[in-house]
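When the chains are written out, they are named A, B, C, D, E and F in that same order, and each has its own residue count from 1.
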Amino acid sequence: MLNRIELLDLVHRALREDIGTGDITTEATIPAGATARGVILARATGVVAGLEVVRLVFSELDRGLTVISKKQDGEAVSPGDIIAEISGPARPLLMGERVALNFLQRLSGIATATHKLVELVRGYPIKVVDTRKTTPGLRALEKYAVRTGGGHNHRFGLYDAVLIKDNHIAVAGGIGPAVTAARRRAPHTVTIEVEVENLEQLEEALTAGADLIMLDNMDPATMREAVRRARLRTMTGRPVRLEASGGVRAENIVAIAETGVDLISVGYLTHSAPSLDFSLELDLGRNK
Amino acid sequence: MLNRIELLDLVHRALREDIGTGDITTEATIPAGATARGVILARATGVVAGLEVVRLVFSELDRGLTVISKKQDGEAVSPGDIIAEISGPARPLLMGERVALNFLQRLSGIATATHKLVELVRGYPIKVVDTRKTTPGLRALEKYAVRTGGGHNHRFGLYDAVLIKDNHIAVAGGIGPAVTAARRRAPHTVTIEVEVENLEQLEEALTAGADLIMLDNMDPATMREAVRRARLRTMTGRPVRLEASGGVRAENIVAIAETGVDLISVGYLTHSAPSLDFSLELDLGRNK
Amino acid sequence: MLNRIELLDLVHRALREDIGTGDITTEATIPAGATARGVILARATGVVAGLEVVRLVFSELDRGLTVISKKQDGEAVSPGDIIAEISGPARPLLMGERVALNFLQRLSGIATATHKLVELVRGYPIKVVDTRKTTPGLRALEKYAVRTGGGHNHRFGLYDAVLIKDNHIAVAGGIGPAVTAARRRAPHTVTIEVEVENLEQLEEALTAGADLIMLDNMDPATMREAVRRARLRTMTGRPVRLEASGGVRAENIVAIAETGVDLISVGYLTHSAPSLDFSLELDLGRNK
Amino acid sequence: MLNRIELLDLVHRALREDIGTGDITTEATIPAGATARGVILARATGVVAGLEVVRLVFSELDRGLTVISKKQDGEAVSPGDIIAEISGPARPLLMGERVALNFLQRLSGIATATHKLVELVRGYPIKVVDTRKTTPGLRALEKYAVRTGGGHNHRFGLYDAVLIKDNHIAVAGGIGPAVTAARRRAPHTVTIEVEVENLEQLEEALTAGADLIMLDNMDPATMREAVRRARLRTMTGRPVRLEASGGVRAENIVAIAETGVDLISVGYLTHSAPSLDFSLELDLGRNK
Amino acid sequence: MLNRIELLDLVHRALREDIGTGDITTEATIPAGATARGVILARATGVVAGLEVVRLVFSELDRGLTVISKKQDGEAVSPGDIIAEISGPARPLLMGERVALNFLQRLSGIATATHKLVELVRGYPIKVVDTRKTTPGLRALEKYAVRTGGGHNHRFGLYDAVLIKDNHIAVAGGIGPAVTAARRRAPHTVTIEVEVENLEQLEEALTAGADLIMLDNMDPATMREAVRRARLRTMTGRPVRLEASGGVRAENIVAIAETGVDLISVGYLTHSAPSLDFSLELDLGRNK
Amino acid sequence: MLNRIELLDLVHRALREDIGTGDITTEATIPAGATARGVILARATGVVAGLEVVRLVFSELDRGLTVISKKQDGEAVSPGDIIAEISGPARPLLMGERVALNFLQRLSGIATATHKLVELVRGYPIKVVDTRKTTPGLRALEKYAVRTGGGHNHRFGLYDAVLIKDNHIAVAGGIGPAVTAARRRAPHTVTIEVEVENLEQLEEALTAGADLIMLDNMDPATMREAVRRARLRTMTGRPVRLEASGGVRAENIVAIAETGVDLISVGYLTHSAPSLDFSLELDLGRNK
C-alpha cells in the first residue's frame, strides 16, 4: 500500500508539468459541458502496476471523474484487455490522459521485467531484488512496481540498511573494523551487508559477522564455493545470506540461482526496463 | 541551458529521497575529517548528458565539493573515459554518488538512443523529435537530453502547442471546425497540428490550414503520397509540414526518412531507452 | 479552463498569507457554531473574471461552505448585481472574504480593461493581446482574465515562443543569422517573432522568414507601409503577421487598428489595470 | 528589511513561472560563453522600490551575475536615471530581465502612488496607511513598498490586529460585547479597532474602550465631530485614534487630513496603483 | 479556530515523515480489505488539545476513515476516558496512529501545564501568557494549546508586536529613542513593549510611553514597586501594563501574581512541558 | 552527519515562522549598517547538540554572518561556557537569535536527558534507544540528538523495520503467521521485532524466529527469565535480542539493565525531555 500523501505530491507535480498554464487544444475544441467515458486498454503482454496512481491523476484533476479498475495491480494483461474505465467531464479526462499513461506504462514495464526474471527462477529458494538505480523522485513507486511483479526490495536509500563497499572498507581499515563500526553506530534494526570481490574478502566478511554479503560480479563456480562457506557458517553460528550482483539478465539468472545464493539484485529492473504499452480509448458525449 | 531554479528543486528532491534521515554506512565508517578525490568514468559507448546536474548534486550537498567536467554534454564517450573529477570532503562525496549517477545514466541513455537514430538519418532533411511520453517530473531534463543527442523537441506539454486528435475532432464536428476553433482561441504563437490516419483526413487537414500534420502509423507508400500533396500545398499557399509517428525504431527510420516527411517523432527515446553505464571511482584521504 | 492543481497552490498560498496563525477577530466574536449566508455584489461596471478561484477559496478553507455562481466569467456586471452566493459556517466564510475579493477584483479589473480595448477595435480584423508584464506568480490567472475580457494571449513565458530582440540580434550577427539559429534549434511547434524598429529591419525580418514581426513604437504611417510589405510577402510566399507594440491606450488603439496590423499587444492590461470593486454582504445566523 | 527566506521563495516562483522549461530564444541566439553589462534605467518619474528583489533575481539565476545598486529604495528617480548595473554571463542576464522588471515596476508604482499622497498631507499629524487589498502572494512586498513611499502599514493579515466590522458586531450582540470578547481572547499585544458608520456607533466604540476607530465613508463634517469626541476621551482616559477609510484619493485627502483624524487608509495604493516604467539596456560582449 | 491550510501542511509533513516509503509491518500482516474500529483513551489526568489535528491525520490518510470526537478541546480528561472513536479501513488507521498520538500528546501536555498555572492564579486579575520559545515549525499549534489550557498568547513572532530588549536599547541610544523610533516606524496596530531590569529603566520606559513593560527577573518587592508606579502612570495618562518574566514555575507564580502585575510569561509551557499520555485501542475486523 | 538538504528545509520553515513579514523591532531600532559580535552561552549543565543547525540559521538569513563553534556536538557544557561566536550584520543576527536558540535548546535537552540515562547503565552491555514518540517534523533532528547524547536509534519510521504489535498479531492469526508474513514480504534488510506481554508470547516469538522481541511493561523477574530463554535460543540457533519497553526512567533503568536485556527504549527522551537553557549575548557595533 502506497503512502497516499506521497502519491498526491507526485501526481500534482506530474499534472503541473504536463498541463502548465492550460490545455489549449482541449479548451479550444471541447465544450465545457461535454462528458466522456473511456477505457484504458493494454496494447502488450505483461503485468499491470500503478492503478492507484491512475485513479488519483483523474480524481485530483476533477472530483467529478470516476475511475473503476477492471484489473488489479499484479495481474497479467494481454493486448486488448480493459484495465480501467473512466467517466465524467470530458475536458479533465482528456487533460489527464498522458500523465496517467506515463505513470502506468513505466510502472507496468518494471513489473513486467521483474515478473519475467522471477518466473525464470521459480522453484529456486531465491529472491529477485532491486537496487537504488531508480529514477530520481520515483523510487517508492518503482520499488512498489518491483514488488508487484513478484520481486522484493533491497534497501530504499542510504538510511535504512548498511552496505559497506570498497571505499568504506579502505578508510575504515578493513572489513572487520568497518563491520564493527557499523554494528556499534547504526540502528540495531538494520542489517549489515558487505560487498566482496573474492573469497578472501568473503572470509573476512564472515569472520566480521556480516548479516549479508554481496558477491560482486563473481563467476558461478566462485559463487558456489561462497555458498558452501556461508552455509557452514550459518549452521555453526550467526546466520548469513549471500546476494549475487552485477550484470544479471534473463540469460544468466538461472545459472546464478543454481549456485544457491539467497538473493539476486538486478539494477536493470528500474534503470532500463522498457515501458509497457497502454492506450486510452474514449467515447465522447455532451451534457444535455 | 537548463533553468537553474528547476534543477535545484529536482536535485534537492532526489537527495532527500536517497539520503533521507542520513547515510548510516558512511557515518559509521568514514571519519568526519576525511577527504577524497574521485572520477566519474564511462563504462559504455554513447553520448554524455547531465553534467550540470552532476555538479549541482555535489555542490548542494556540500559547498566544499568541487566538480571539474572533463567532457561536455553532447560529446561521445567510450568505456574508461573520464567524465568529471570531484574532490572535497569524503562523506558528502560518497552520499551524493548514487543520485549523481542515476541522473547521468538516464540522461546519457536518452542522448545516446537519440544520437543513434539521428545518425541513421543524417543527410536527410528531417528532424528526429521527442514526445510527451516522458518520466513524470523529469520532462525538461529528458527533453534536454534529446537535444543533447542531436534530436529536437516536440511540444513540452499541453500548453505550448495545439495537437488535435481524433477525440477533439469528433466533438468539434470535424477537422475543419476543430482547426478553426483552435486558430481562434489558442495563442497566435503556437502551431496547430492535426493527427490523421489516412489520405482523406490529410486532405481535410490541408484544407483546414493546419501548420503540421501528424501521419499516424502510415505505411511508407501512403506517407510518400502525403508528402507529395503537402508539398503541392506549400508551394501554392500556407506552408505545412508532415510528422511521421508510431512505432519508429532503428530498423525502419531510414525508410520513413526516405518518404520525405519533415519530422519523425519517437516515444521510445524517453520511455524505453536503456540507461548508459557510468561509475564513480574514489581515492580516499584524510585531513591532517 | 484553468489547471486545478495550479489554482489550489495559489489559493492555499493566499489563504496562508492572510490568515496566518488565525483570524483573531472572528475567533473572539463569532461562535464556532454560527452559520451565515452571503452574496458577492458588484460595485462597479465591468466584466467579471475569477469565479472558479472564489469557489476554491471558500471550499478549501472549509468543505462545508457552498458557493453558487450567479454570473459566468466574461459576463458584464453593474453595481448591485449579485455575482455569487456563499453559505455555510460563519467563521471560515468571514475568514475567506478578503482573499476571495482580492482575486476577483484584480482579475475582473484586467478583464474589464481588456474588454474596453476589444470593444474599441471590434470590426477590425485584429487581436488585442497581452504581454509578459504580469504580476509575479499570477501570470496564468492574469492571462486567463485577458481571455475572459475578449483578448488573446501572447506567449506565456520564455519557453513557448521565440521573440528575437535587439540584444539577440546584436550577438547573433544580424536578424538573418538570429532567425536561422532559432529555426534550427527551437521546437518546430513555436513561432519565431522578431522585434523591429524601422522598415530596414522589417525587410531583414521578412527576408529571414520570421513568422511574426513586432513593430516597436512605430507611427501609423510607417505601420501602414509595413503592413503593405508584409501582405505582399504573405501573398507570394511564407505568411507573416505584424504586431504593434508600445504605448497602446484607448486613445490611440483605433488609429493603430486602421493600419491593418494583425495584433496589438498591451502591457497595461496586466501591469496597470485598476481593480474592479466588489463587496461581500452577509446574513449571519446561528446553529440550533 | 525584508525576510530573505520569503524573498527567495517569491523570486524562485517568479523565475520558474517565466523561464519554465527554458529560454528558447536566448539558447538559440546567445553563445554560452557570452558576457554582458547592463543598466536598469528609469523611464518615468517616481520613487524606486524593490532593488533587493532585483539583486536576488539575478544572483539566484546565476551566481556569476553581479548587481550594483545606483539608487536606494525610497529615492526619487527621473527618466534616464540609472538605478542599477548588472554584469556577468549574458544568458542568465537576459533570462532574468523581465522578472526583475516586473517586480521593480510594481513595487515602485506602489511607492510612487504612496509618496504622492504622503506629500499632499505633509505637515498634518497624520499617517497614510495601507489595507489588506493586496495582490495575493505579494503582500509583504507590497506593504514594504508602501513604507518605502513614506506610508505606514495597517495590519498584515487577520492574525496581527483585531478589526471588528458590522458582521462581528451583529453576531456578538453589539459593539460593547464584541470589544469585550476581543479584549478577553485576543493577544494583549494587538490593538482593537472597530469600524463605525455614524456618531452613535462611535460613542459605543468609545464607551467600549476601542484602541482605534475606523470611520467608514464619513463626510468631513462628521469626521470633525468624531475627532472632537475622540480627543475628549483621550484627554480623560484611555487614548483612542481615528482612521478615515473609504474612497480616499488625491482629490480629497487634504480635506480628510484637515479633520484631524490620525490615520487615512487607502486601498488604492496596492490594488490599483499603475506600475512605474523601467527598462534594461545591455552591452553584450563575448568571452575570449 | 486553526487555519485549515496550515494544518494540512503540518499533517502532511508528519505523515510523510513517519510513513515514508510505506508501513512494511501493516502491509505484510493486515489484509487490504480489513476494517477496524478504535478509541483514543486518556492514560493520565489533564486537559485535551488537538482533536482537530487528530481528525485530519486520519482523514488525509484515507477518506474512508471517520473520526468522532467524544471530548472537546479544553475539557479535562482522566485515565480511561474515551477521547475519540475512529473507524474505517484497518491499514490507514494503523498507519496514522503514531502521528495522531504524537500531536495529541504534545498539545495536551502544553494545555495541561498551562491549565495548572492558570488554576493557581485564578482569582487574580492576571493573564498567564506564552513566549516564542516554541518548537520550530509548530508555533501556531503550540500557542493554540496554551489558549486551550486557559492561557493567553504573547506575540506570535517578530512581526506582530514590538519588544525592545537591551541590544536594541544600546544601539538606539537609550529607551526613549528606541520607543520613539518604534512608534514612528512600526505599524500603529501593534503595542510597544520594553524589557527592563530595574526601576531606573522602568522610569525611562514609563517616560518614553511604552504600552507594555517586561520586568525581567525582578524580585517580588521590586515588582510591587513597579506596579505602584505603573498604576500611577495609568491613572494620569497613557495606560501601561506590566509583564513578569523569567523563571516562572508553579512554586513562585502566586507570589508573582500577588505583586499586581498584569501578565506573567512562561517559556516552560512550550519548551519543557511533558507530554500527556494517550493510547489507541483497536477492534480489528475484516470486510466480507 | 545530518542531511543538509533536510536541514535547509527545517531552518527555512522555522525562520519564516518567526520572522514572517519582518522583524519590526529591529527594523525600527537598529540601523541597516550596524554590525555585531555575539556569543552563545550555556546557562545550565548538560550535553550540547545542534551546532550545525545554529550555523545554518544565521548563514541562511544572511551570507555575511559567520559562526565559529567553540564546542562540538556531544561535549559537556556548564553554565557560562561559550558554545559559539557569531559576527556580522547586526540586523540578521538579532533576527535569527530565537530560532537558533529554540533548536539548540530542544536538541541539547534531548542529548542531556539521554546522556543521563546512558551514564546510569554504563558498564552494562546494553543500548539506550529512542522511539517514534517524537515531535512531528523534527524526528531526524531529535534522533540525532539521542545519538549525540550517547543513545542509539530505534527505527526511524514505519518504513525501515518491522514491529509486530498485538493488532497485527490478532489479524494475522498469531505471532507465527505474522512473523512468517513479514519475513516473506518485508525487505530482507530489515529486522523483524515482535512485541510480547508475557512468557507464553515470548515462546511463540522465539519459535517464529523473530530477530528482536520487545518485552512490554514486564517486571524484572519476568525479564530475567525472558533473557535466560533468549540466550538459550541464541546459543542453539538464530540469534535474538530483547528490548525492554514501558515506563523507563532514571529510577528503574539500572534494575532493568541488570536483567540482561540488550536494549532499553525510552519514549521520554523525545516526548518529555525539558530543554537545556542557552542565551545569546551581543556586542553591537556600527559600520563606518
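Rule of thumb we're sticking to: contacts are C-beta pairs under 8 Å (C-beta built on N, C-alpha and C of every residue); 3 or more make two chains touch, one makes a residue touch a chain.
Note that the structure is predicted; figures quoted are calculated from it, not measured.
Asker: Hey, what chains does chain A share as contacts with chain F?
Answerer: The common neighbours are B, E.
Asker: Given the two chain pairs B-C and B-D, which is bridged by the higher number of C-beta pairs in contact?
Answerer: B-C
Asker: Quick check for the class: compute each chain's Cα centroid; which one is farthest from the centroid of chain A?
Answerer: D
Asker: With centres defined as the mean C-alpha position, give me the chain C-chain E separation in Å.
Answerer: For chain C versus chain E, the centre distance works out to 44 Å.
Asker: Where the CA atoms of chain A average out and where those of chain B average out, how many Å apart are those spots?
Answerer: 23
Asker: Where in chain C do residues touch two or more of the other chains?
Answerer: 19-23, 26-27, 139-140, 156, 159-161, 185, 187, 190
Asker: Dump the list of chain pairs that touch, please.
Answerer: Result of the pairwise touch check is A-B, A-C, A-E, A-F, B-C, B-D, B-F, C-D, C-E, D-E, D-F, E-F.
Asker: Once bound in the complex, which stretches of chain C touch chain D?
Answerer: 10, 13-14, 17-31, 34, 36, 90, 94-95, 98-99, 101-103, 105-106, 109, 132-140, 156-165, 167-172, 178, 181-182, 184-187, 190, 271-272, 274-275, 282, 284, 286
Asker: For the complex, which residues does chain D have touching chain B?
Answerer: Contact set of chain D toward chain B: 12, 15-16, 19-23, 26-27, 32, 60-62, 91-92.
Asker: Given the complex with chain C, which residues does chain E contribute to the contact?
Answerer: That would be residues 1-6, 139-140, 143-144, 156 of chain E.
Asker: Could you please specify the touching residues of chain E with respect to chain D in the complex?
Answerer: So the residues of chain E touching chain D come out as 127, 129, 147, 152-156, 159-161, 185, 187-191, 193, 212, 238-239, 241, 262-263.
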